[in-house]
Every structure is written in C-alpha cells, then in structure tokens.
Amino acid sequence: MSKNATGLTHECGVFGAIGTEFWPDNVDISQIILIGLEALQHRGQESSGIVTTNGTTFHTQKGMGLVRNVFNSENMKKLQGFMGIGHTRYSTSAASDQVNCQPFFVHSIHGSLAVAHNGELVNKDGLRKMVLGRGVGLSTHSDSELITQALCLNPPEGEINGPNWPGRIKHLMQLSPLSYSIVIMLKDRIYAVRDPYGNRPLCLGKILPVSDRVNGFSDTQAEGWAVASESCAFLTHIRYVREVYPGEIIEMTKGGIKTIDIIDRPEGKAPAFCIFEYVYFARPNSIFEGQEVYSVRAQCGRQLAIEQPVLADIVGSVPESGNAAAHGFAKQSNIPFGELLTKNTYVGRSFIQPTNRLRQLNVSLKFSPIGVNVAGKRVILIDDSIVRGNTIGPIIKLLRKAGAIEVHIRVASPPLQHPCYMGINIPTKEELIANSLDSTDLASHVGADSLEYLSVDGLVKAVQRNAKLENNKVGHCTACLTGDYPDGIPSNKDW
Amino acid sequence: MSKNATGLTHECGVFGAIGTEFWPDNVDISQIILIGLEALQHRGQESSGIVTTNGTTFHTQKGMGLVRNVFNSENMKKLQGFMGIGHTRYSTSAASDQVNCQPFFVHSIHGSLAVAHNGELVNKDGLRKMVLGRGVGLSTHSDSELITQALCLNPPEGEINGPNWPGRIKHLMQLSPLSYSIVIMLKDRIYAVRDPYGNRPLCLGKILPVSDRVNGFSDTQAEGWAVASESCAFLTHIRYVREVYPGEIIEMTKGGIKTIDIIDRPEGKAPAFCIFEYVYFARPNSIFEGQEVYSVRAQCGRQLAIEQPVLADIVGSVPESGNAAAHGFAKQSNIPFGELLTKNTYVGRSFIQPTNRLRQLNVSLKFSPIGVNVAGKRVILIDDSIVRGNTIGPIIKLLRKAGAIEVHIRVASPPLQHPCYMGINIPTKEELIANSLDSTDLASHVGADSLEYLSVDGLVKAVQRNAKLENNKVGHCTACLTGDYPDGIPSNKDW
Amino acid sequence: MSKNATGLTHECGVFGAIGTEFWPDNVDISQIILIGLEALQHRGQESSGIVTTNGTTFHTQKGMGLVRNVFNSENMKKLQGFMGIGHTRYSTSAASDQVNCQPFFVHSIHGSLAVAHNGELVNKDGLRKMVLGRGVGLSTHSDSELITQALCLNPPEGEINGPNWPGRIKHLMQLSPLSYSIVIMLKDRIYAVRDPYGNRPLCLGKILPVSDRVNGFSDTQAEGWAVASESCAFLTHIRYVREVYPGEIIEMTKGGIKTIDIIDRPEGKAPAFCIFEYVYFARPNSIFEGQEVYSVRAQCGRQLAIEQPVLADIVGSVPESGNAAAHGFAKQSNIPFGELLTKNTYVGRSFIQPTNRLRQLNVSLKFSPIGVNVAGKRVILIDDSIVRGNTIGPIIKLLRKAGAIEVHIRVASPPLQHPCYMGINIPTKEELIANSLDSTDLASHVGADSLEYLSVDGLVKAVQRNAKLENNKVGHCTACLTGDYPDGIPSNKDW
Amino acid sequence: MSKNATGLTHECGVFGAIGTEFWPDNVDISQIILIGLEALQHRGQESSGIVTTNGTTFHTQKGMGLVRNVFNSENMKKLQGFMGIGHTRYSTSAASDQVNCQPFFVHSIHGSLAVAHNGELVNKDGLRKMVLGRGVGLSTHSDSELITQALCLNPPEGEINGPNWPGRIKHLMQLSPLSYSIVIMLKDRIYAVRDPYGNRPLCLGKILPVSDRVNGFSDTQAEGWAVASESCAFLTHIRYVREVYPGEIIEMTKGGIKTIDIIDRPEGKAPAFCIFEYVYFARPNSIFEGQEVYSVRAQCGRQLAIEQPVLADIVGSVPESGNAAAHGFAKQSNIPFGELLTKNTYVGRSFIQPTNRLRQLNVSLKFSPIGVNVAGKRVILIDDSIVRGNTIGPIIKLLRKAGAIEVHIRVASPPLQHPCYMGINIPTKEELIANSLDSTDLASHVGADSLEYLSVDGLVKAVQRNAKLENNKVGHCTACLTGDYPDGIPSNKDW
C-alpha cells in the first residue's frame, strides 16, 4: 500500500549534532541539523523545530508544517552555536498544536535543557501521576514535556545528588523502559538515549571534515558527531558509525562521545525493534541492524513469491513503497518486472465534490496505469501493506480499465490486526480491514483475482536473515501483527 | 504626549466572566470575554488569548496580534462553556513570542488551571529560585508561568492540605505582595485576586439579563459576573459594581460571588494604586476609586492652569490623549478651547527612508494643524505626559509652519524620572528626557516659547480630590515621578 | 454621522510627482508618492498602487489593502525614477479585485502610459460602446481602462496626427466632460487633468528643497512638482500652490509645468465642485477654493445653530467627523462645548454573534460616553451627516444610559436623498433614511428629543461665504441633496 | 536528466470542457476542469486559472502557485456553469506576475471572450506591432493578450463581417501559423485550435456519463466534451477520442462538436510536432500520434542499447523520468534492471548556505543510492536528457561513494544544442553543456566511465516506429537538437 495513501502515521524523527574541537568557529551546526530534518521529513510532516546553543544562550525555532516552511534563511541565522537538536513530528493525538512542537525547552535549577524524542511511553499514566503529584503543572499531554519535567524533578532523598543528569536519565529509563529514542541537550552536552528494548531506532554518525567528504573515507579526526532516527539523515557528509544500542546512554561533548551506561531490559525480555520500520516507515537507504532497508524489502518480496506464487505475465508495484518487494518477487518468480503505474507527485489534497459523479477520481489522479505494461496482461501488483484497504480497490479498477485481464495482489507484509502503544498511530481495530475480511473475502471485496499476504514467519525470516542481532537473540516487535507486546499490554501502573 | 507616539507601554488587560444559574444554556460566555478584550485592547496589542470551560473540558485560543486578528468566527465556536478568562498583553521583555501568550494553562494533580495576570512580581527572582529549586522546569521567563507553577507546588509540610486553592493563593500573596491583578480559573470557579497594595486595577461587574439591558437598570438577578482590569470593558451589558479591594480574593462560581479573604499589606504600608493609570493608560470612561478617569484628567488640566498660567489666544491638545486636560485648562483659564491638530488614524508604521530629506515627515503625516485655529495665534498645547520628548519638537515646528506666533507647552503630569518595577515598561533613565533637561532647557530644546509640567502635589491633589480612598489613607504609587517605591526598590530576596 | 460608521464611500485619491532638473540624482520620488498616498488613505482603503519611471523603464507596484500593507521597504526599492503617479481606491462596484487596482498601465504604439483617476465618467456607456466598436477588448468595467484605451485609440482620420497626447486628452474631455481628476504618465511627462465642471478636486504643489523645508518659505527654485486630490497630501515638504482649474490640462516635465489648455464647459453650464467634499470626505486641513475645510465645517455649525437653535447644557460631536461643526455650533449658540463620546480606535470588524443578546454592542464598543459631560445634562450632539441612520439610534441610547436627560441631534448637512453618478457610492434611494422619514419622524425613530438638519441654502451659504469661486459664478454640485445634476441625469449617449 | 532538476521548463497546459444537453443541471463543470488542471500540473506550476460560464455570466478564478493553492472549496463554488476553460502556466519570461495569469478575459463588441493557450507565436513582434498600430493599448507582453486583442480587432474592410469568430480565428492562424494550442470561450461555445504545424499537442475527449464510467465503455451518448494538452488529463471519466489535427478548428457547443476548418501549412511544409514532448515533458501515460509516451521512451532505451552498448552488471535510471528508457535498455541489452537511486519527495527549495562545506548536499538530499544494487557493481545509469549538466556529476559521485566500481551514463535523447522559439524555455546556447563539451569530454567532466547520447536518427526512429503520422509524412520538430526550425528562424516580420 502506498505510503501516501495510508492511515499509518509515524510520530517523529530526532536529530542531534555537536561540533568537536575541530569544528570550524564560523560555522553554525544548525545547517547540518536542518539537512537532517529534511531527510527525516517522511517521519513527520506536522511540525518541526530546532534548538541550538553556543554553550551559553539557547536559540529556538519551531513551527507547524514542513521543514521547508518552518525554516528560512532569516530564522536560520539566529540558530547559532556548535551544538543542537532537532525534531520533526507527526502527532498521534488530535492536538496538532503549536504548543506541542518539539524540542521541548525549559529552564531548571541545574541549567536549561532541551528535549526531543520519538516514541511513546507505555507507562505514561503512572509517570504523569508521579510528576503531577510532586506539584508540577503540565501544560500539555505530550511525552516530551513529561520526560523533561521528570528529568528536572528532585528525586527521592539520597537517590541522586546534585545535577547528575546521567543519574536522572537512568532513573527515568528504569521507571519507563519502553518506547523511545531521546536527545537531551544541556548547555555543554547532548545525551542520546535509546530504550532498553531498542523499540525505536537511533543511530550514530561522525561528521566528516570537508576534505574527507571530497576525497573519500580517509580516517582523519571527526569534526563532530551526530545522532539520528535513521541513517538516511546522514547523507554523504556524515559517516554512519553504528546503531545506538538498546538501553544505551551516549554522552556527546566537545571532547567526543562516550557510552555512559547501557540499561538492561527487565529479566528475560528480548530486544524488540519495531518490525514495521522495515516494512513501511524507513527510507529504503536507511540501515538497521547492519542491513539496508531496501534489501530487506526485496527479501520480503522473494519470500512472498515462495509463499504465494501465481502465474502471470508481469510483476509491478504500487509506487514507490512497493518497488523493492516487487523487484524481489520478480527475481524469485522469474516473472518480468514492469512499471504498472506512475505517480503524479503534484497531487495533494483535492477539492473534488463528494458526489457519486466524481468519486474515486482521487486515485486515478494520483496513479496512472502504463498501458503498454498492463493491456492484455495478467499482472501481479505488490503493495507493502494493507491498512484500511481503501486505495487498493480503485487501483485494481484502474488496471482493469487499462486492459489487465487478471490482477493478483500480493502484500509484502502480514495482515495488520492490533493497535500499537509504542508510538505508531494505527487505526482502530474496526478500521483495520484485516480484522473484518480474510484474504479471500478481501480479494473479492476489492475486485482482485487473488490477494495474499506474507506470513509473519516469512517476514521475520526475511528481516532476520542478515540482521546483526544483539547476542543473536531473536528480537523484533511484531505486536501489530500478532498481538504479542514486548512488555505486555500497558495499563496504568503506579510507581 | 500622545499615547500612540510614546515609549510607555502597559503590560496587560485581564478579564474573567462566569454565568450563574440564570445563564442561558445555549450561550457561550466567550463572546462576553471577546468584547471585553476588544475594549481592553489599549492595554496591550502584542498578543491575546481566551480560555473557557464548560466545567469539564478547557478550550484555549491564543495568538500574536490584535484581538481582531487572533479571534475569528471559526475559532470562537470552539470556545465553549459558561465560564472563561481572557488576556491582552504588551510584553515588557523582548521575548514577544507565541509561548508567552496568556492565559497560561496547565494540568495539575488537583485539576487543570488557567491563569492570566496584569503586573509584575517585584520579588520575581526569589520566587523563581524557589520554584526551580523544587525541581520544576520553567519554559519561559514570564510571571504567569511562575505564578501558575508556584500555585501548583505542594507547599511545605502541614502548611496546606489537599487542593485548597484559596490557601495556595494566600500563600503566594504573602510571599509576593506586589504587583498584580490575577484571574485564576479552575474547572468550577474563578478566583479574582488583587495585590494587597492595590497597585494594579481590577473591578467587578454584574452581567445583566437581556431584559435589563434594554429596559434599563431594574434590579433583577444577575445572569453572571465579570471582572476586568478596567470598567470600560463592561460597556452597557455589564453593570459596574465596585473595585476589587486591595488584597481581596473573590471566588466566583455558578452560585455567585464571595470574598474569601482580604490579605493585609505589610505593617504600616499605605495602599499604592498606580497614579499613571489616571494620567495615561486608562480609557477616559473607566472608573477608579469612584471617579471617572476623564474627570480626573480634566481636573489635572484645571490644576495645571492654576500652577502654570500663560497668556494666549487658544488652548488645544495633542489628540486624543490630551483632550480632557485641555478642556480643564481652558475652563480654568478662560482661554477658549480649539482643535489645533487632527490625527490621521490610518497612519501606521511607515517606510520613509531615514534620510535628512524626509525626516520628521512621520509626525506631519500623523498630525495635521488646523490653520484657522493656529495661524496668527498664541497657542497653548496640552500634552498628557512627556517621556522621551521625541514627538513634541516636530509638533511645535508644525504649528509654527501653520502660523502660530507663540507655542506654549503645558504637560498635564509631572516629569517622568524613575523606572517602574511593577509592570510598566518605562524607558531607561537615560532615555527619559526629564532626567537630562529641566523644563526651561527642554522648552528651548523643542522650540517652545515655554514648557511647564504639573507638580507632583498638584497631580495627587487632582487625583485624590474626589477619590474614595481606602480608610481615607493617602495611597497612590508615584514611584516613576518621585522614586518612592511602595515596598522599597526590589532586590533578589530569598524566601 | 461618523465617517467610520457610514455607508458613504469615496472612490479614489490620486497623486503625481515629478522632479525637475534640481531633483537630486540619488533620490527616488516614490517616497514622496508613498507619503502622499498615506495622507490620502481616507479616500480609499481597498487598494493602492504606484507606477514610476526613470524615463525609460516603468516600475509598478499595486495591491489590495491599505497603503502600508501594499508597500514595504523591499518593493519600494524597485520603484525607481524621478517621476511617478499613485492611486488609492475604494471601488464603487462590487468587483473589488486585484485586476481593478490603479494606476492602469499599457504599452501603446506611441509608448507606454500609466493612468490613475478619481471620479466617474457620466457618459461611460457611450464611450465604452465606441471603444469596443473599434475592436478593442476591455478586461474590466473600470473607467481607468476605458480612459486609457480611449486615449490610445487612433482617432477618426485627420483629427489628430501622431502621438499628440494633448490632442487626445482634449478629445476625450470633449467627449466626456464630467467627472474626473486624472493623472496620465508617459515616459517623459505627466498630464494632470481636471474635468471642465471641476467636480472632483485636484491641486498643485511645489516640492521644496530640503533647505526650504527646514528654514521656512524662502523662494528658491522648486525641486519638483506634485498634484494631489487634496492638499493634505502635501504635508510640510510640498508647498500648496493652487487648485488645478476646472477643465485645465497641466503638462509636467523635468523642465517645469505649463498649462496646455483649459477646456470649456458646455455653453451656459456653471462649475460644479462636489459640495460633499466639504461636508464629509476631505481631511479638515485640506484647502478647496482658497479656504480650509475645517473652517467651512465650523461655519456650517454656526449656520446650524442659527437655523435650528435649542436650549441645552452642552454641545458635543460624534468624534471626530462632527468636531468642527460642533465647535462652530457652540460658539454661535454660547452653549459650552464638551466631549460627549470617545472613540476606541482599536475596534475593527467584530465577531459578535448576531443574537439579540449582544446586538448593538458594536456601537458601545466603538464609542464610550464621558459621564462627567453627559450625566444629568441636556446635550446637543452634532453629526456631519446622516445616511442610513443606523448608528445614531444606538449612540442616543448610550447617552441616555450615561444619564443624558435630553438628547438633541443637529446634523451639519441637509438630508441626503439622491444618488450620485459622479464617483460617490451613495446607497440606494431606499436605503437613504431621509427618503422615508422626515426629521420629526426620524427623531422619534432614533429616540432623540429633537433632530434637525442644516438647510441646503445654509450649507451653500457656509461653503461660499469665503470661497474664491471661478469668475464669482455660483457653482457647487448639490445633486445628492437636491437632485439637480450639473449635466442632467446621465443616460447612455452615443457619440 | 531528472525533470525536477532541470533547466527546461514548459510553458503551459490548457483544458476546455463543455456539457451537452445530457449534462446534469445541478453540476458545475468546473470540477472536471480542476481535475484536468491538477493532472496537467507538470506543464506549469507558476500560476493557474479557470473561467466558466453558464451562458450569460462569466466567472473567473486565477492566481499564482500550484492548482491546489489557487483553488479551494470556497472559490470553486463561484465557478458556475456548464462550460469553461482552464490553464496552468510556467512563464518563459521573467514577468511571473499575477497580471499574466491565464485565461485572459475581455469584453468585446461581439461579447465576452476568454482565451488560454500553450505555445509561443513565432512572429509575435509583427503581430504586436499591428495590434498597437490599430490604437490598442496592451497591458502585458503575453501572447494571450495579444491573441485576444488580435481576435477582437475589426479586420480590414470586407474581410470579415460581424462577429464571425471562425473567420477571425482563421485570419489569425494565417497571420501566425505557429506555435500554439488555443482554447477560446464565448458565451455559448468553445473553439479549440491547434497550429497548422501541430507543434503543440491538443487532444479531444468525451465526458462519459456516470453509468459508463462504472460499467465500462458502453457507447451511450456523451455527457460532454473536453480538450486538453495531454490525454493524461482525462483520467477515467473522459474517454480519449483523438488528437486535434494540425491546423484544425473545432467548435464545441451544447449541441456537440464539429470541425469548422483545417488550415493548411505553408506550401511544402511538413508537420512538426515537438519531439521533446515525447522525450521529456509529457506524462508517461499520455497518448500522442496513437502511441503511449511510456512505450516511446522504452523504445528510445532499446535504441540506445543498440547504438551505445556497454558491459555492466545493472541498469538503472535517474527516477522517475529515466525509468521507461532504463527498462527498455535493460530488455534490449539483457542486463538486469535495478533501482539505483530513490527520490526524497519532500525536498523542496533548501536553505543550505552556499559554502564549500555543504555544497552538493542538495543532490544527496534529493537522491539516495540503494546500496545493495550499487556496491561493487558496474552500473549503467539512464537519464532522459542532459541540459546544463549540473546534476549528473553529483549523482555519479553519490553512486561511487555507495561503492559503484564503474558508472556509465546513457542519455535517452540527443545532445540539446539550440534554442526553441516555440514555447519551450531552453537555456541559452552558452548554458547548454552539449555546446561546450562533446560526450567524451563531458564524461570526464562529470566523472563518468563513459557517457553517450542517443542519436537524432535513433530518436526519430523510436518515435516514428509506431506513430500514426499525418499522411505518413515525416514530421517532428527537432529544432533544439538539429537547428532545423519548421518555419525558419523567426524574425520580426511585418504583415
């Protein structure tokens, strides 16, 4: 299913960057952060923000809308300093308001701090009750404010002395082990934090000096360090180093980076990186667990061809999200790949009157069939996922009008059936089409000659085939497909 | 001096309204608040906001700019409920940012609360240190956030039990006796609070049923109650009742209003209502201490004529702020009043190049001399105050070009010489012209034949002549004129 | 009646300026034009525009909204050159569209030309038919485009040779003698044209060198020349010289100004300057026919006091448009003048729900009674005119609530009863209250103790008392008061 | 070369639609036009506009920006009627101004008319001189205004009687045989006109009744007719019928469509449809000369593989414009196709500082290499064209950084070397990289192992292989590739 036509929305992208002693004096790091946010734009288009500091003053620019609408050459000038964090956001809640834009910034008794995060605290309610109970007023319902105020709060006697930010962060991680990637900026350092389950992604990169960028990968000193939700944000000027480990706290200063601690998961719990990052959210060139997302998706296509073969003349995809899987399917099945549809990138929201006359034109405005590949052909159409199932029907009709004699849908992920409590805004159970129609009924509902999903086992196999897993432990969160939540279904826990 | 041409800026206007049991079900009180804010617009044009509630949900609309730009028929619809508070603001700090818009709203362990205030906490630094020290992060440097978090904080053991909002408010007032008028809204009540010195104004009104508004002042049951910084906000649909007393805490609920407590000033301290509200800030039809502002200003003009007489053909004013005093001066001196200048209301900011060629045209674009009243005349021009002294020179030049043979300036208030720590953004000592030039030198500097101020004694006399003062105690803050601060010059006090 | 609360709207203000050989090279005349338009803003707030030229290229900036919204420091930079014309507009037609913004600019076979005008062609339909009949397509229904294309059109054989702009202008004036003031800019000159009846105002000024502005009115060489709808646009940097005569064509070049011709009115016709410019439209400091508008209005007030005396305690006005007449009335009647109402300048459009509950608050939001001058008093309230009569009723109610014991309305102009075909957008006959209620009935309708108008004779007497009329001929257009149109009621004439 | 990274810009898309007697009364045809413009958005993003009519009144909505920014549900409501024309525009001139938005609309002696066109009049200067010489003023330098006024002008005596719009159109076509597609709307009809050379595209479609759209292509009566620059604008609700023939004038009325005339080319001239529509501009699913654009592009890829073979491991494209050719190349060469790059659709303009530090990041922000298909591979990268050659170098660097061991560029069109005078905004000769570097030098300049173009003969062969050409005459304009202009190089001709 096409990413642009979906009901799935991802909360956030985070980015942090700091210059080392080799960082040139007259350069503001905000440009690096801006580029990072543009490259993470697919993780959230609702609002974005950057906070920078030169070690004394903090500078903030936040706003509703795309990165390119929030920032301009004018307001970029004020984002001075050698260090900063940024955020791009798609809210899970209805409250898409200016006040919820991240990074969240406060003054505390131990100095100012800015916080940006991706994810959702599964025991949010308990943490919220604790913070309110200590006499703090909270302006919003956002996790960012909650995390920030929890970090500020003086902990119970004897537990943590003075500022002790690492101690405060560890304390928070123990209270709330899942799910988040957080960047926390103080006046002289950034902490990059990933939850112990590794549910949300976060990776580390080295900002290359200009000479290295031009001449290639010689191994001179880093000019700076960066962390990002996805490695696609590093482009060519930042060298991907590794993932931040589940539970790791990295401290980034002018002097370099160091691992402060790695917080354990609760006894007996496996790592649980969100498998839907592979299936759906991430950019194809991002790297998770040592492998490129595109290659995993292609592998899913191969697996799908093994599990659900069908005789046909041509294999294509719903562009562009299904491309990789379609190529994999084509290779495995030996059926030639061909473009079945092109996408009109200019089409946005539309003003078509909701009358019978013009209904369903939206889909044909967005996707155009390529006659030469469709007419008179038996076609296999690969989609990355099916959520509500609203788009696939009109697309099939489009292909049939263009002369397809058979249309077989193959979905490169298993049926989506359960809610997510860890940061993904999945529609309600009722809205998820897989909860009301099995694949046979869905095929007939959308007018396909056949429709089949990849199995959960097949997906896990495709994902883990080449993954460098932590201690070789099996470890992905498949809760939205299976209902198995890494830490049980969250309730309102006190603590 | 004309209000529009000045360097003096007033922080804020506050408004609160609640419907009683007679309030009609299908009516939102937000309209009443909106009208109130429009009528208080002169107290702050930087931002405005309204928070309402129906007893369960709170609704907020805030934004930068004039009331009419922040609110529209669309967003007014969402401001539902029988109760709400509003705010219009001119910041004293440079940080004119969305994040500082009031009312300030937070969720606390004891329920949500919204806070709006006018004034400035003189011991802000101590209070801030206390709040931060308790582990609260503060997003802004605004007093509103500080007040709100201070109210939320659990006080030291034994001091206050449970929610006990009145106790929390009293506690805050004892910690910080000056200077503010505050409205605090909880889900079922509004507290209206005025500082013990009565430095900032606040008054109480009764929302009349429609029948009363049409038929006049019969004495039926109130439909609701309102508080406002100035009675001008009551228009004709709310009947002015009285001022909120210095130190008074009024609780407003569906059932009616009651005085919870009246907090004393520190031993031996006199009330200290800001005398510049009379001179400059307030709308002429507002009522303070039982008298209409216009009549006080007219009395200032009379007093000025007694203190600083001069022979002339005509008395006029810098419109419109000097009008009342000019009429008073004319009556007292028996010199006829006449319009000397008209004001071009369309003129806003201008793009005139800062070259010698076009300098000073700003003033002549804004004010036009009335030739028939000026040519060949000895004129007395009344201004309400002189701050930086930038405008009066060009105005005098204008009058002379129009044929005035003598120009005598009479200022209906004493020289402004000291900073204000209680909510008025007075320019620095260096910028206040009265600190560098006495009236004789200033006359020659601006090209006047003479220039004289009203004396401090004269001003106080004019103000107190008909005022209903608390226990007949002398009590106005004249700090900006005399340097006598009601509570001493504020320092960073711990507590 | 207050200008801001009226249904009367004036079409346009025009401004033209050219530098002479003494004009400084590095200065753009656009600043002078911008200031002129700001000062003419009262004549039209719908759109404004400026076209300038340096003798080769033309530069245009036009847009919807107030002058200060259309122009900014950025777009002013591109308005280069020593010569330009400007326009500010309030449309009479519903088509308030970008496309109708003036100046109108075209390329013609004889070079580019820009045209701006104030007024309305009474024989528009005939002229339009002629232009269309010659095969020209017209994009709009505006007179500006019509005038421009009529000027461009090759006239019938033999009539005009070559460019011959003066000939073309004269031709147009003969075809269409009424009503307009026009500025026409070619690449090296501006023509300033006033209709033969002198119905719309236009005056001439001399741009003073900087030294003269500072030192006063010495008689050095002009730096440039300017024409404007009203002399208020000249401020202090342009010296008022005289009115452009009815029918005059002035040619303005780098070398100076000269009268090209003065076109006669049709045989036996009197001049017909719009008397409502005095009553209502013009700024009080503008000069028409050798007299200041303010003094004429004051004279109207005196005349009104003679014609319609009444016993009372105080005389005031609806601010600010009634001020001059009120002062005149007070002087003549020996009843003291006092401010009865102050105006809230911040109030714009409002979002008050159209329910009975809040109706009529608009007026009390805009005007506040001054209690000390109203309570217990018999008041006379002077308004400049009454159009629809919607505002005066609520104002009277306001005064009564503030304690007025008698309210007498005196209107400083005669009843408005007829449409205008010469550029003023007067409501329909049905909407004009004077067509349905006589003064007695209107008094009772609006709740006044009495209401009386100035007589037509009285108005004409007040206006002509000190006017320097052309050849001492009686000559004002009073059509909207009397139905006597200067050239008869316009019909669709062919020519 | 990627369409989004190019210097080539196409002027315009046009659309016209009319309902027949079967058109439902309560439906506005504007929705059909809006959808058409959205689908033609790739032909111009600068401005767009629609004019509709119900047979009496004309309604216009035009504005700068994308279709979705110009139109909204509010302003669509006013576009009433059963007939209308629309336009989407990218200007060739610098004057990207509101005033140049099409359709152009005027009132003429023979009724109102609205005109929209795609193309450029090669003898514009002569036509302009003629129109100006007749005494018409022209507001703009746009061809639309020129065409419109030329149509309005009364022709020389005896030539055309009365309105006679067909006669006027024919007259214009004879005066100016190239290059345009025009829609002209009068109050009861639309004329669709294509230049005699057929240089710019225009096609005809039948608006299907709702039942047909749902049930497929049964042959019921048309509900209406439409013309569009490309058939991609027809989606599924309009059935493609045929191209408008070169020189054809189609009259569309409520009663149906008919060919009024087909104007001949000058003696001996061949048809000259722009070959770059195939190469570059058109959407892949559009149909020209009986063939789908995608299939022509694939054929170009095949031809390129034949002409310029090279040994490699994988063939890919610069997405998405090179996709079809890359698939063709892969098939012909038997080298597997694979995605080499993905495109970040969110990236727009960027604020990257123009310093050495961050240069070239723009390209890597826009395109990301797919490691699994690039690393360790010899890659062939297909681009559709090379204009300035700015983008290809950074892309090659990107591929090398991702591990490509050889990068061979194959360009699916010949070198671009000459300006276009027929509506395409091609950079200057100096900017066209093919004029300064041959393919070998360009390869080394951009860092490719090899770089080769398709030959002109190869392109023509690929295009004409399946094309249904007019009378089998060879006939495409290849002027930008060969310098052979269909009508010679245009000069300023009088007529």
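When the chains are written out, they are named A, B, C and D in that same order, and each has its own residue count from 1.
The rule is simple: contacts are C-beta pairs under 8 Å (C-beta built on N, C-alpha and C of every residue); 3 or more make two chains touch, one makes a residue touch a chain.
Owing to the predicted nature of the structure, the values given are computational and were not obtained by experimental measurement.
Taking each chain's centre as the average of its CA atoms, subunit C and subunit D sit 50 Å apart. In whole angstrom, the spacing between the mean C-alpha positions of subunit A and subunit D is 38. The distance from the centre of subunit B to the centre of subunit D, with each centre set as the mean of the Cα atoms, comes to 63 Å.
Multi-chain contact residues of subunit B, defined as those touching 2 or more other chains: none present. A ring topology is adopted by the chain contact network, closed into one cycle in which each chain touches exactly two others.
Chain pairs that touch, as defined above: A-B, A-D, B-C, C-D.
Listing the residues of subunit A that touch subunit B in their complex gives 98-99, 104-109, 113, 129, 132-139, 141, 148-149, 151-154.
Listed in rising order, the residues of subunit D touching subunit A in the complex are 24, 27, 31, 34-35, 38-39, 41-42, 45, 66-68, 71-73, 76, 210, 216, 232, 235-237, 283-285, 292, 294-295, 298, 319-320, 323-324, 327, 337-339, 342-353, 355-358, 360-361, 364-365, 368-373, 397-398, 401.
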